[in-house]
Structures are given as structure tokens and as C-alpha cells.
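Here is the structure we will look at, set down as C-alpha cells.
Chain IDs A, B and C follow the sequence of writing; residue 1 opens each chain.
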Amino acid sequence: MSKYDPIVYKDGKRYFYRFSAHQRIQHVVLFTSVLALALTGFPLRHAEEPWAKPLYDFMGGTEVAPMIHRIAGSVLLALFVYHTIYWMVKFYQNHIMKLKRENRVTFMNIVREFFSQEMVPNKKDVVDFIHLWKYLLYFTNRPPRHDRMSWREKFDYFAPYWGIPILGPAGFILWWRDEFSHLLPGIVFNAAYIMHTDEALLAVLFLFFVHWYNVHYAPEKFPAAKVWLTGYLSEDEMIHEHYSHYVKVMIEAGLEEEIKPQHFGGRHYGW
Amino acid sequence: MVDLFKKIVFKLYVIGLMCFTVWYGFFMFPLIFGFEGKEEARASLEAMRGGDTEEEQMYTRLLTEQTKKKTTDLGYKKIQQPYIDGRFHHIGFNIQKDEFSTCVRCHGNVPHDESKEIRSFLNMHTFYLACETCHSQPAKGDKQWKFSWYDKTTGQKVSNPQALLDIEKSYTSDDEKWQYPIFGNYGAKITPTMTKNNEQRLLHGKKEMDFVVRYLNDQKNLESAQKSQMKKVIHRKVSKQPVECKTCHKRGKTKYIPFETLGYPPMRIDELTDLAVVGMIQKYKKFYLPNFLNPGGVNK
Amino acid sequence: MNTTEQSVQIVSVSHSAEGVSETRTARHLNWIQFILFAVILMVPFDKSNASNGEELNCLICHKHRGLSRIDEQGKFRLFYINQELFESGPHRRNNCKDCHNDIDRIPHKPAKKVDCTQQCHIIEPSGKRKFSHKFIAETLAKSVHGKLDKDGKPKPHQEDFPVCKDCHDQPFYRPIAIYKGEAEHGISQRSITRCKACHKTGNFAKDFYEHVTTRLHKTRFSKEIVNVCAKCHGDSEFRKRHELDDVIKSYKETFHGKLVFLGSERTADCIDCHVVEGENNHLIEAKTVPTSAIHEANLGNTCRASDCHKKASPQLAGFQTHVTYDRKKYPLQFYMLIFFKALMAIILYFFLTMIFLELLRRLFPDFSFMKDNAPHHIVKPEADKDKP
């Protein structure tokens, strides 16, 4: 992490560090494979709709599109495995090593360290969640102050983390159905089919609305957020989405005097 | 000012996004819970199909059949054609609808039914002859009518159809392209016109069409007797005795319909006025179907 | 007229090229009518490459798209013959009269329904006998679609059982070309040229080529097969009468069905699974018949048929194809479906509501029942930070 400055300046504006290049590349691989999967999978799921055949033909037709689907699926599954290893190495380096250095390696300490990771849900997420609903229902005028990762981002993150283990193996079984039929009873294919199609629908509906709302449709993001390219978030966005973390970073950088007040609604944006 | 504008744009965008959210909620519903919308539509259609009387059932069937199409995929080409339930032979194409004729508006395209032996032949003619061509005649003392091609949709005079020349090519050329000419789908009909006040006009032009449309719209307000009156007026130009087949299908120069000027190629004229058609009509009249030339079906 | 039965032989102008006997028998003619026929046949209408349907010059009238009437039942009857499409299929070698054999003059009275099992003039080359579809009709009668049950009693709802025309319209040739590499649709000009080198007369080479290559793959596109079955099995009233599941809908839910509807020709349609490999396609049998392709004992082999899941184990047949999501019949599928639908509904509608409220909140950023009076422009990180 030391490679990246927590705050950089460009054209006199502050930008706050979010994602390393390594993480950004993983995200690119993730979304290209997911888009390829959706484009080759959904015409099949809704084969009778009028748009299905043109789209499927565009994706290569009944001979090529399944191939693309399988390649993209394999890439996604590989990414899943890779990311899990990446995450475990990170955990070992940043948390277990620290415990070792401090000579405090106990089970409870490891559990505690586990929950102190930025992507793992914790108590503050529950607090923020309740606060958000208070805010949405007009019981407070102050939006929640999120830490480095808000509960929504964590949900976005764990959605593929439960989706891929359901979709991936099911897809794999359906792909190698002839071979798997020697190991598994036929009814498993029925189950795999439902798992694959319905979970895929959930993933895509979620992705195209909730995730894309967060990064595309929302007024301050429209037409698209840039953090996935640059890895840095602008000060305005930082204040809006991660106020708690913003304050922390500013204080750590010795900029306590320049901390700006929290935003309300969308008023402070470029509109 | 700019701030206000920005504020309005912002609010409009947010409202638009809210609408999108609601739409997405509706959009997702059938995806999540199956295609309910369509099933309901199908169920209601089936409920209709199970209508009470045979007539009602037939009408519903007709409505659905109207748009029925059949696609046959031969791999190297796709054949799309209209579909008629229970038909074995292929149809290939739809004939252009007549939207201009005042007669067709009520009587339809397949109006001939009385003369059992020849009704199909007569119906065949409705696709390229206007009803007036056979069912009206110039009043005594009037000039002979002039015939020309009139477009089926616009009612405008058009030049002689190209399809007629293609038919000629099918006789003379060995090229595969001309092997299968299409008969009778010219997009236009041979229509008589009369000369009135030095002006060439249709027997049933736009004015008459408007009149019929008005009658159709108003008829529920009319008394029964008034209805009969209207019908009489509308059918005033219909002559009692239709023009006979042999008026046109006969050898020699004097023809009711001038085939040459209407663009019929020589070989086709030979067919229409020589053995192929005329022979059939005449011989069979004698030996087989005495009523063949007798529209109206009365054995003289 | 039957009393003056007299056979007169008329030479046809058919272009049929197989060297088949070109004579045909026309009955019920007296000599006047014979002359008349001759006159009509001699009209200068026939081209050198005159086609079928002209032995009686049928097309002189039937080439008109408008030749039609409404019959006494109110049914629209169209008598048009599209010559181009007629000549795109195997029946092009037949004359009209081969099937419509009650017609011996023009113009004619309403023709009888065609009996597909009658013999036609085509000589079946392997047995040198006149060709007939009788064998197919016999196979159909033995199948689940036959009108009689195995005791010879008529099954209930006789009118629902199909006859030839319910599934077949005028067949088309569907030739393929495999000159080099993968099979493609259409005629390989290179291949057919090799035929024509020896078989020069008429259309023999083309007929033979199309006849053979059409049968090297499915003669009808799978989607059309499904639509044919759906004519009856897709009708809910029909299914109710015969206590059948909606197999069309469930088929369309399988990958087989989906791929078929996206234009695949390599996946299984109804016939591929419901007919035993090597059997006549018309022998579709019920699940309970021991020889049936879908009988429990044979199902494994049906899936592993030579062109399909060759490498699979018979266990693959445990896959339930026609799933209706009926709670009692298919509990696993039912509960999985309910689970996923509930999961989807909860997650998606929750987030949708949240986003909607959030957007609404943006319109009224300052409104609130309770004001947070704490100084909000600076918050000590300790104050808000969660300490695990």
C-alpha cells in the first residue's frame, strides 16, 4: 500500500486513494467476463423473446456464443480463485504477520483481525445501515458517515462472492454434463440448471440496476464514475460517500484545518 | 440564473431516475415471477376461443388466423408465407389488399358464391378487375367506358403493371429468373372510367367512398326503411346482368377490355382470347357444365 | 357416368425424367370428352421445359393466387398452387392427378380429399414397385398417435388424433453440400456437376442429389418440428382432454429448446428423443410401452444415441426434461424455484425501494423531522470510528 499516496493533488484538487492497479485490473477482468457471460447467457435464457436471436447471432450464434460463454465463465472462475488467494496473502501479510511481530497470535486475536479488514462487514455497517434508513425516512438531516468501505460497497463486493460459487460449479456441471453423468445422478443437472439460470438473473438484475446506480446513474456519478480507472476518488465524492474515512485521512495527513463540512443531498455537486 | 437552471436540471434528472426505478421494478416482475403477463393474455385468448356458439368460435379463429404466418427454414433460404389452417400446398405470398374499392369494403375479396361451378373463377378475377368492370355497364346513350389500371391502395391511375411484361418473359426466356411468373398480383385493378363534363372519372371515386363510409358510421341511427333507401342509392350503378365471360374471352378484335392498351403482352392475350381459356369455356359449356357461362346459376 | 366406364390412355407432357412409364389412365370419358382433352392438351401454352401440374394444364387456372371461395361451412378455400414452391420439394415429380386422382377434366367439381396411402406413378427403385405412403400410415397407427388402442378399440376423442396433413404440408427439399469440409445448406455445384457428367437427362441429377442430401440431416428445421407438435400439445384444451402436461413449455425451458429457438440445428428436438434410434420417425410411443424411446429402461440409450451424448453414462437420463414445477411431481425444482424467486424478490425490491427513497431524499435535502444539531463539519475520527 505504501506505493500509493493517500492524497494526491491534481489541478489544485485533492484526490483520495481507493484501489491499487492490481485491484483495478481484477475489476476489469471481472466486468468484461461478466458482461460477456450476460450477453451470451441471457439470449439463451429468454430464447423466445424477439431480441434474443439477433443478440445471440451477434455474439456468434449457437456455435460460437456458447464457446464465449464457457471461456468467460472459466476466466471468472479463475479470477475468483485468484482473488481468494490474493485476499488470503494480503490477510497474512497485513494482519497475521503483525500479530506475529507483536507475538499475540491467539485464535481470538486472529478472529478480531479478520473482522478489522476493510471489506468484512462489522458493527459500524449495522449502525450506518440504520442511520441511512433514518435519513431516508426524514428522521435526521445528516447522511451516514461511512468508513473506507460502506456497507453498500461491501454488499456489492460479496454479491459476486456468493454468486460465483453458485453459478460457477453449476455452469461447470452443465458444461461437462456427459462426464459428470458418470459421477452424479441426472437430477443434479436439473438443480444445476435452476441454480445457474436463476442466480444469473439475480446477478444481472442487481448489477444493471443497483451497482450501476452506484457508479453510473446517480446524479454525481453520471455518466460514469472514474475511480475504476484512476484508483482515486475526488474530494466531493469522498465527503459524500466516506466522510468518516475522509476526516481520518485528512487528520493523518495533518490537514485538520482544511476538512470540509459534510454534504447534504446532491446540492454540492457539479450540477 | 445558471444555478437555478442547474437546480432544475438536477431535480428533473432525479425525478427521471425515480421513474426509471419504478419502471425497473415493473420490468423485473415478470422476469422474477415468470412470464405472467403473456400467460394471462394467452389464457384470455383461450377463454375467447371457447366462445359459446360455433359462429363466435369461428370469428375468433378468423381473427387469429388473419395474422398467422408460417416460416420454413431451408437453411439456404427462408420461406415466409401466410398460413391457412389445414392447407397442404404452399401459398408463398400475400396478395395486396384492396383498400380503395367501395364494393370490397363490405363484400370482401371473395364475394362470388352463387354460381357453384364458377364461383372460384369469378373470385379469382376480383384480384385484378374492379367490381364495376363486370357489374356495371354504361347507360344507354352513354359513351363506352375507358379502362385503365388503378392502384389498389391510393385509387390513383397508374401505368401498366410491370408484372405483365414479366409474364411475357416467362414464355419467351429460358432464364430461370423468369421461370415462375406471378399472375394476378399487380397492385392495381382494371377499372372503368366514364366521361362526364369532359372529365374522365371513376364510377366510384373518393366521393362515393366517403359516402359509403359515412353510411357505415351512421347506419345505427337510421330507420330500417332509411337503411334500405341508402342501400338502393349505393348500389344504383350495379347492373342487373353482369358482363359475360365471353365478352372479353373471345377471339377477334372487338373486345370489351382492350388488353393491348392495358399492357397485356401478345402471348398472354392469345391465351386469354384463344383456345386455352376460350376453348375451355366454350367446349365445357356444351358438354359438361351447361351453366358455366351463366353467372347467376340459372339453367336456361 | 360409371356405366360408361372406359379406359383411355393419355400421354402426359410431364418432364419426369426417370424413364418411368408416362402413361396414365383416365376413366369416365366418352369420346367427345377425349377430343376435348386432346384439344386442351395441345394448346400452345406448354413451354419446352413444361412442369408438372400441366398434364391437364391444371395451372391454367390454379396459377392464379385469387382462385378461391368460401365453402358452405364458412371456411376460406384457396385453390392457388405456387408452382415455384411446389417444385421445391419431392412431390415435384408427381403430377397433380397422382394425388388428386378423382379429377379427370377441367373445369372440375370439388375434388375429394387426397388419400396419402394410395399408390402413385413413381416407381420405388429398390423394390421396383409403385410408391405409396401406406407403410407410414401403418406405423403411425401403431404409435401413440394411432386412432385405435392395442385392443383395436377406438381411443376417446378420435378427432384429436392426427392424420398426415396435421403434421405435414407440402414437403420441401432441404439439400446440403459437403464437397469440402463442413456441411452447408444448399446444393454443391461441384458435386452435382459430377452427377451430371453421366446423368444428363432432364432433372434426374438434381432430383437425386436433393433427394439424398435432404435425408442426410433433418428434413425439417427443429423449430418447425416443435411447432408441429405444439399445434396439438400446445393447446390447453387438448391437454385437458388427454390429461397431458404442457410439454412444449417445459421443452422450451431446457437448453435443447432454447438452442432450437436460437437457430441451432445440432440440438435435440421432439423427434430425436421420442423415437428410438433407427426407428421410423412416425413411431412415437408412450412412456409405458416397453419399446418406447422414453421408457425407463431405454431412456439412457436414447440420450446416448450416436449423434448426441455419446460419452455420457445412462444416469444422464435421470435429468427431468419436461419439468412443470408442480409441487408434487417435481418437489426439488419447485422448492428451488421458490427459494430463488424469494431471494431475488427480497434483494432486488429492497434495493429498489432504497434507491427510490434516496432519490426522493435528494429532492428535499434539508427537510427532516429531527435536526442533527451536532457540529457536522468536523467530526473527530474517534467519535464515529467503530472499534471492533
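Simple rule for what comes next: a residue touches a chain if its C-beta (ideal position, glycine included) is under 8 Å from a C-beta of that chain, and two chains touch if they have at least 3 such contacts.
None of the values given here were measured: they were computed from a predicted structure.
Asker: Identify the chains adjacent to both chain A and chain C in the sense defined at the top.
Answerer: Intersection of chain A and chain C contact lists gives B.
Asker: Is the C-beta contact count larger for B-C or for A-B?
Answerer: Pair with the higher count of C-beta contacts: B-C.
Asker: Taking mean CA positions as centres, which chain lies farthest from chain B?
Answerer: That would be chain A.
Asker: If you average the CA atoms of chain A and of chain C, how many Å lie between those two points?
Answerer: Going by mean C-alpha positions, chain A sits 48 Å from chain C.
Asker: Taking the mean of the C-alpha atoms as each chain's centre, how many Å separate chain B from chain C?
Answerer: Roughly 30 Å, centre to centre.
Asker: Whole-Å distance, chain A centre to chain B centre, using C-alpha means?
Answerer: The mean C-alpha positions of chain A and chain B differ by 61 Å.
Asker: Residues of chain C that contact two or more other chains, please.
Answerer: Only 341, 344, 348, 352, 355, 362-363 qualify.
Asker: What are the residue numbers in chain A that touch two or more other chains?
Answerer: Residues 201, 205, 209, 219, 266 of chain A each touch two or more of the other chains.
Asker: Where in chain B do residues touch at least two different other chains?
Answerer: 14, 17, 21, 24, 28, 32
Asker: Which residues of chain C touch chain B once you look at their complex with the stated criterion?
Answerer: Per the touch definition, chain C meets chain B at residues 32-33, 36, 39-40, 43-45, 47, 49, 57, 60-61, 63-70, 74, 76-86, 88, 105-107, 109, 114, 165, 168-170, 172-176, 184-186, 220-221, 223-224, 236-237, 265, 341, 344-345, 348-349, 352, 355-356, 359-360, 362-363.
Asker: In the complex formed with chain A, which residues of chain B make contact?
Answerer: 6-7, 9-10, 13-14, 17, 20-21, 24, 28, 31-32
Asker: Hey, which residues of chain A end up touching chain C in the complex?
Answerer: For chain A paired with chain C, touching residues are 43-45, 47-48, 52-53, 56-57, 61-62, 112, 115-116, 122-124, 127, 132, 135-142, 145, 147, 174, 177-179, 181-182, 184-187, 189-191, 193-195, 198-199, 201-202, 205-206, 209-210, 213, 219, 243-244, 247-248, 251, 256, 259-262, 264-267.
Asker: Which residues of chain C touch chain A in the complex?
Answerer: 252, 254-255, 257-259, 261-264, 266-267, 309-313, 315-320, 323, 332-333, 336-337, 340-341, 343-344, 347-348, 351-352, 354-355, 357-358, 361-372, 374, 376-381, 384-386, 388
Asker: Where on chain B does chain C make contact in their complex?
Answerer: 11, 14-15, 17-18, 21-22, 24-25, 28, 32-33, 46, 49-50, 58, 70-76, 79, 81, 84, 86-93, 95, 109-110, 112-113, 117-121, 123-128, 171, 174, 179-180, 182-185, 270-271, 274-277, 279-280, 283-284, 287-289, 292
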